[in-house]
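By written order: A, B, C and D. Residues from 1 in each chain.
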Amino acid sequence: MQANASDVIAGQDIGVRDGKIVCLGLDLPTSEHTKIIDAEGGYITPGGVDSHVHLEQWNTPTGDTWPTGSRSAICGGTTTVIAFASQQKEDESVLPIVNDYAAQAKDRSSCDYAIHLIMTNPTPKIVDEELPLLVKEHGITSVKLYMTYDSMKLRDREILNIMIATRRLGMTTMIHAENHDMIELVIETLEARGQTDPYYHAVSRPQLAEAEATYRAISLSEMMDTPILLVHVSSEKAAQHIRDAQTRLLPIYGETCPQYLYLLSQRLKGDNFEGAKCVCSPPLREKVEDLDSMWTAIANGTFTTFSSDHAATKFGAEGGKRLGLINGRPMFAKIPNGLPGLETRLPLLYKGVQEGRISINDYVRVACSSPAKLYGLHTKGAIMPGMDADFTIWYPEGKMKPFELTNDMLHHDIDYSPFEGMTFTNWPRYTILRGQTVWDRDQGGFLAKEDQGRYVKRGVSSLGGPRNVFVSEWRPPA
Amino acid sequence: MQANASDVIAGQDIGVRDGKIVCLGLDLPTSEHTKIIDAEGGYITPGGVDSHVHLEQWNTPTGDTWPTGSRSAICGGTTTVIAFASQQKEDESVLPIVNDYAAQAKDRSSCDYAIHLIMTNPTPKIVDEELPLLVKEHGITSVKLYMTYDSMKLRDREILNIMIATRRLGMTTMIHAENHDMIELVIETLEARGQTDPYYHAVSRPQLAEAEATYRAISLSEMMDTPILLVHVSSEKAAQHIRDAQTRLLPIYGETCPQYLYLLSQRLKGDNFEGAKCVCSPPLREKVEDLDSMWTAIANGTFTTFSSDHAATKFGAEGGKRLGLINGRPMFAKIPNGLPGLETRLPLLYKGVQEGRISINDYVRVACSSPAKLYGLHTKGAIMPGMDADFTIWYPEGKMKPFELTNDMLHHDIDYSPFEGMTFTNWPRYTILRGQTVWDRDQGGFLAKEDQGRYVKRGVSSLGGPRNVFVSEWRPPA
Amino acid sequence: MQANASDVIAGQDIGVRDGKIVCLGLDLPTSEHTKIIDAEGGYITPGGVDSHVHLEQWNTPTGDTWPTGSRSAICGGTTTVIAFASQQKEDESVLPIVNDYAAQAKDRSSCDYAIHLIMTNPTPKIVDEELPLLVKEHGITSVKLYMTYDSMKLRDREILNIMIATRRLGMTTMIHAENHDMIELVIETLEARGQTDPYYHAVSRPQLAEAEATYRAISLSEMMDTPILLVHVSSEKAAQHIRDAQTRLLPIYGETCPQYLYLLSQRLKGDNFEGAKCVCSPPLREKVEDLDSMWTAIANGTFTTFSSDHAATKFGAEGGKRLGLINGRPMFAKIPNGLPGLETRLPLLYKGVQEGRISINDYVRVACSSPAKLYGLHTKGAIMPGMDADFTIWYPEGKMKPFELTNDMLHHDIDYSPFEGMTFTNWPRYTILRGQTVWDRDQGGFLAKEDQGRYVKRGVSSLGGPRNVFVSEWRPPA
Amino acid sequence: MQANASDVIAGQDIGVRDGKIVCLGLDLPTSEHTKIIDAEGGYITPGGVDSHVHLEQWNTPTGDTWPTGSRSAICGGTTTVIAFASQQKEDESVLPIVNDYAAQAKDRSSCDYAIHLIMTNPTPKIVDEELPLLVKEHGITSVKLYMTYDSMKLRDREILNIMIATRRLGMTTMIHAENHDMIELVIETLEARGQTDPYYHAVSRPQLAEAEATYRAISLSEMMDTPILLVHVSSEKAAQHIRDAQTRLLPIYGETCPQYLYLLSQRLKGDNFEGAKCVCSPPLREKVEDLDSMWTAIANGTFTTFSSDHAATKFGAEGGKRLGLINGRPMFAKIPNGLPGLETRLPLLYKGVQEGRISINDYVRVACSSPAKLYGLHTKGAIMPGMDADFTIWYPEGKMKPFELTNDMLHHDIDYSPFEGMTFTNWPRYTILRGQTVWDRDQGGFLAKEDQGRYVKRGVSSLGGPRNVFVSEWRPPA
């Protein structure tokens, strides 16, 4: 059964040639050279697009490399990742950063990949001169902005300035929305009180900080008539702000991640600094109702994309999560943020399909087709003639033996997974990348070459863009 | 360009054989017998599904017949209609009604068609014994219920009783939601004051009456865990209630109609009883903002279907709109309700695409694919292999000469259209029904045979159904 | 300290003469005849007004009589009650009912009292001819309407008809809002399944039924521009509807009762039919959050009045709660509805002041001054010169020994209280009725004569009335 | 008729001695020395409290002085003003500022007065050491913070820091909420385009900027459990945020001003730089619906205080509004902000009572009693024994001849009023300050001595304060 974002088709073949889908139909003609893969009634979904992945970023020294990360992606059904080239405050040009990052990835990814830019210092030169080049020449059509973290955060005015450019260029503007000042104050006082265990990470970043910044980001967007994506949304209130904006037809998009569907802040407790494994931002939330509200926001259409936010650092290694142990004492604010999740993303979402929380169409929409559209991956994310022949093929229900996840089943180079111990009754059986079987869970496992992935020059978003509707007689600069 | 509910594909062919889509792809093989239709870059959309049509109903004596109505549908790009067999209060069985109505339509429709049942007296025998037969043997999988009109209205308890059955049978439950008692009171007092001109029809049915009944219908649905469709929604507040319910994942669906996108209550004024032409219920609303809110509710996904609610009666004929002239005096409450709109439905919606109010995907979703899914027309409404080869093909933008609509351009048997005088810059160029060209606007016009349409036995809805979530420990009878 | 609805005054005297407050001030002149009561710093609040009390109503045969009920009121700090003369469906005139009820109460009440009318069959004669007489001659300026109970419920149209009259006459329209049809269906199916224990009473009347009917009642009110009071609100959603209406300035008022602040549906469980003691409608709700939401709606101003809805029947007596035991089997639907609460109402609300849930001004507003205003008791409910010298005087905090309530401490003639076992740290110390000390908890207890209470002819509400704002061009009959 | 925030009393006397209300009652005893003022049935309201007044502030050189401003207050029925001592960014101590400002006012105010502090640079020394002294020794119990203006604005973190102190000290925290960065960007681009006429002032500060900052301020308050007042609210959306917070019982207060009830942005247009007269921030809004929404927010209780925000500068003088003419060219961003309004505040609000928009109790609440409570003026704002004998006495309705306001009728030292040309049918007839008649409109006019006003050392707010309810396990520093 083929599933796309709006339909399910049964009993049809998919014809592939030269890495492309060339035909959909019944009883398609074959030749002796035709390789046939029988899904046996399992779902065939478009290859997963993970649009929020940190790999070999300067600030995650012990994390996955392009080879290990992309391998992990493939083995979890993901055929395309978008990773971040990241500006540091002192960088006055982003072109070298992007070039270096592209060079770093070249021939080292087994899945297809594209590149976002993280901007932390939007100088006029970068905004006015370099962004257009990125779009036009590099196919980099998205930027990520932070409202928090000392080394990353932008003031509202900087965000507004960038929005002028991204609106004009059609770039997708991703925003990490948490109120920095609230969090900063809380961290300082917690530290002064000696409340520095990993669990206080969750205490220090309340849902209110996310809700406020989300509302502010939406307001900036409405002011400028510039589409934005709120990344890794974790709070019901933030999701409501997004929904309210969408109700009014503002081009506001939302993303959530597996951790906000399954894990609670309780996980930040535990002996031996174990809680550090689950330190990410926004933090894990308090209650089952918080998780439910995230599932609801996928099912009712509030969320546009579902990504891993794979930002892994090893737990046991020097320079990994243990950076948060200062002289043996836990200091939550020093723990590198982020979780590994590239490989588990799709199985965790599919589990929600099996459990009736979302439909298979929702799955395709948030994990494959909408990220492809939002980020201008115009040959990805859908099973249609003319698209890349990227597929995730699932087991027919009932065929796979249930198993409990252990980290050694995974293909990343991280020494833990926050999802260990969970039981799965389906998992990507085959991953097909541009017509090649790169993962066959039952026979051969990981089959891709290290350089099998290609860099994808992206176009601009095909989802709703600026509306030319304004809040006063003022108009943003063209 | 092919458009479906979530994507647009350019440059691909659609292969058709024996009335079915057999293949989608590039450069499909042809033979000398292959008939090729070149869309020349115009949109190819699934044949329109008009899921709310009144034809030859006992209470519309001067309206369209099956031949004239279905012809009008075809010429407006619609390939499937669902019309109403209608119980009268005194009918103690609905099977004869349905059989008679089916017999009436047989061999007299040039488009494909299916049948809903209007229930006005849900006796236990009908609900418990006959509805299952309708679903199983007749492929009639939907009922329409009225909360207003003396001859039609059901009490809450009757609706609840029906919901027990429709939930169990998977039938789609359509509800006309207006508070009868409010309207009844207002009409009586207006008549007592001599305020009986057609315009008072709009005064007599305020948006509040619709909002109240909509909220009540949603409450009944939530109580019973039974999906419903609110038909012909005309008010922002009613749409908000639907949206709020959807946000909470209740299986609540909404429909609107062309008249609520384009026409204002001002149209009910005018000399010579002209206002009677625009009498429909809910009535036309007061302000441009009201129209805008309906467009918004299509674009943000609140509305599931877009139908004509074609319920035409002639203006000039005996027994038509003039029934509302009593001894030469206008009596708005006696004017037959309803407007003609089968043929203009799709062009009016497409106009919204051209004007940027909605996307072409929204068009397909509400006019073709979602009605097909909601009503179990499982071979209709989508361009996918295995589906019926029903298409509406539009002119490439810029190719068609703009024209101003006059009634003589239309193919219904009604002596007016409320949309006369509007300018169009596109219109269905070809209509294809199961592979046959039945409308070619430039060459030949209407080409179907009178019996070309087939009756479609429907399955049950494939949209979200009961959730097994309840408001107390009580459970509805299985 | 004197408390009114907006201020607290410390250190001032209240001068009383001939049953009236004649003066407020410091060091008021006294004579040898002056009786001085020293509040010792405890709060002096206006005498309680309990505007929702059922006494000697035809359908509560084992309940309190006027003497026992009014005694209980006085001992709980309440100086005025409004009780219900109740029409039965077959009564074609309400004047005899009112006259009989007034005669019944005459000289048998130790507190002041007034009379509401329950209408269950609004014939034109009653509505058009008798209501004006009630207002003008009897000082009966309020009616209560039911949307549920077979023997009481009115259709929307009947409510609308009554609203025409109450709007014109300035009568306060009280509405018991629960969707009858939902509840009826649920009761029938529960009974068919043998789920008839008292606990199923709560199951059978879900919050949704209240929320729906509340929204409908508000809609009817908005349509007619007629103020209403929603009585005994028990659900957050219903309170939200009221709040939303108030935000829009609709003259919608709300009432809640002590049981919805303190008791949960769990109380309906228990051996030996004990749950029957807590059967009331709307029923007790499920969760602590439900109770919290009612406190919130007092504190944020949503609720206008706080009444006991005293509707007591004995638990042990023939014809009391045991009517719900049919052949020894519990049948929840046959249990007489209602709880005793006249005497505990004020102490329970004051407890909320002590616990910081509401302010002392909120207490006065909902328990004294707003009910007096809403029901036209223009000499009651406030400590101002010219008003009746009715007071409840509380102990200075810390002075009273905490105690656990037992039923034998109460002065009603009911064999239980649902609030037994609760701990109190304050209680009305003195009750003063028109200048006479009628309750002195420490010395003498109940001091009133059985005929000490007077009938109060009421005026019309001084809270916000019709606004002359309408939902369409239609106007209600003047 | 005496009106307070919750009641109206007719036919009662107010006894005054030594500047205090000593008694309320009927037929109070008099002696030959008793001066009697007969209100003749006109409303007697508490003397007006104008809690937001700028007088002799360093940045309004051409504005009113203490003598002219306080005279204007008295002649408009206001007996108490609270004015601002204002820190400049470079000031490292606020004690001298406050002392200087107090010295400046001393013996130069004919009405009673108190002082707020504007903080623009909250150094630790000021926050930790000086604020406690202000509260304890100076009776300065409120601070005003700005989220906009280059010379005034604070970052979120600075506001949070201040909140720690104001929460602890019980100080009222006033916030001017507009998103600075949005406005800054807009002004820059408007100036670059040459769109610098006064009207663009309104364009440059959209309602969205106010709504965003209001939501943010509420979030900061919720985070810190610190009460705030949003000053001069002008937008419906901002008012809704406040209302939503109040619904949840957060201690959020709101204020609006006469200009937002009566004036539209259209007033910023006009020849000869006339629009500059109406430049204030937030700016006048676009539509009548905007004005209506402010009236609604008074009537439904959202707004707590109603102040003039008197911040006058002369139109014709050097250094006044004409600072916005640069080389003869209008530059809206250089026009001194603010309007005169001390004298017209109460008549404009009373007009709303006359027109049925609000009740007389609403008038007293927002113009007298709630500002007194919120700012700890514990002897002001209510007609109760023990309070200062401050009154505004109005004409009996119908007694005063309607007149059209001209600036020469006013007693300020400003050369225009934005309310000139409006027709009034009532006006303060007498103003009584601590028992002395200081304004008698018909006989003598302004009667106060220049040093008649006294400085009021304030206590802390008696409205709802911190709730000890927190958004996470974190607690603000005690």
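Simple rule for what comes next: contacts are C-beta pairs under 8 Å (C-beta built on N, C-alpha and C of every residue); 3 or more make two chains touch, one makes a residue touch a chain.
None of the values given here were measured: they were computed from a predicted structure.
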Completion exercise
By label, the chains that touch chain A as well as chain B are none
Completion exercise
Between chain A and chain C, the fewest touch steps amount to 2
Handout entry: Whole-Å gap separating chain A and chain D, where each centre is the average of the chain's CA atoms
Key = 50
Handout entry: Whole-Å separation of chain centres (CA-atom averages), chain B against chain D
Key = 57
Exercise for the section: Between chain C and chain D, tell me the centre distance in angstrom, where each centre is the average of that chain's C-alpha atoms. Expected result: 40
Problem - chain C residues counted as touching two or more neighbouring chains - result: none
Fill in the blank from the handout: Contacting chain pairs, sorted by label, are A-B, A-D, B-C, C-D
Practice task
Would you tell me which residues of chain B are touching chain A in their complex?
Solution key: 4-7, 9-12, 15, 22-26, 28, 243, 246-249, 296, 299-301, 359, 365, 369, 382, 384-386, 464
Handout entry: In the complex, chain C residues that touch chain B
Key = 155-157, 160-161, 179-182, 184-186, 189-190, 202-204, 206-209, 211-212, 215-216, 219-220, 222-223, 471-474, 476-477
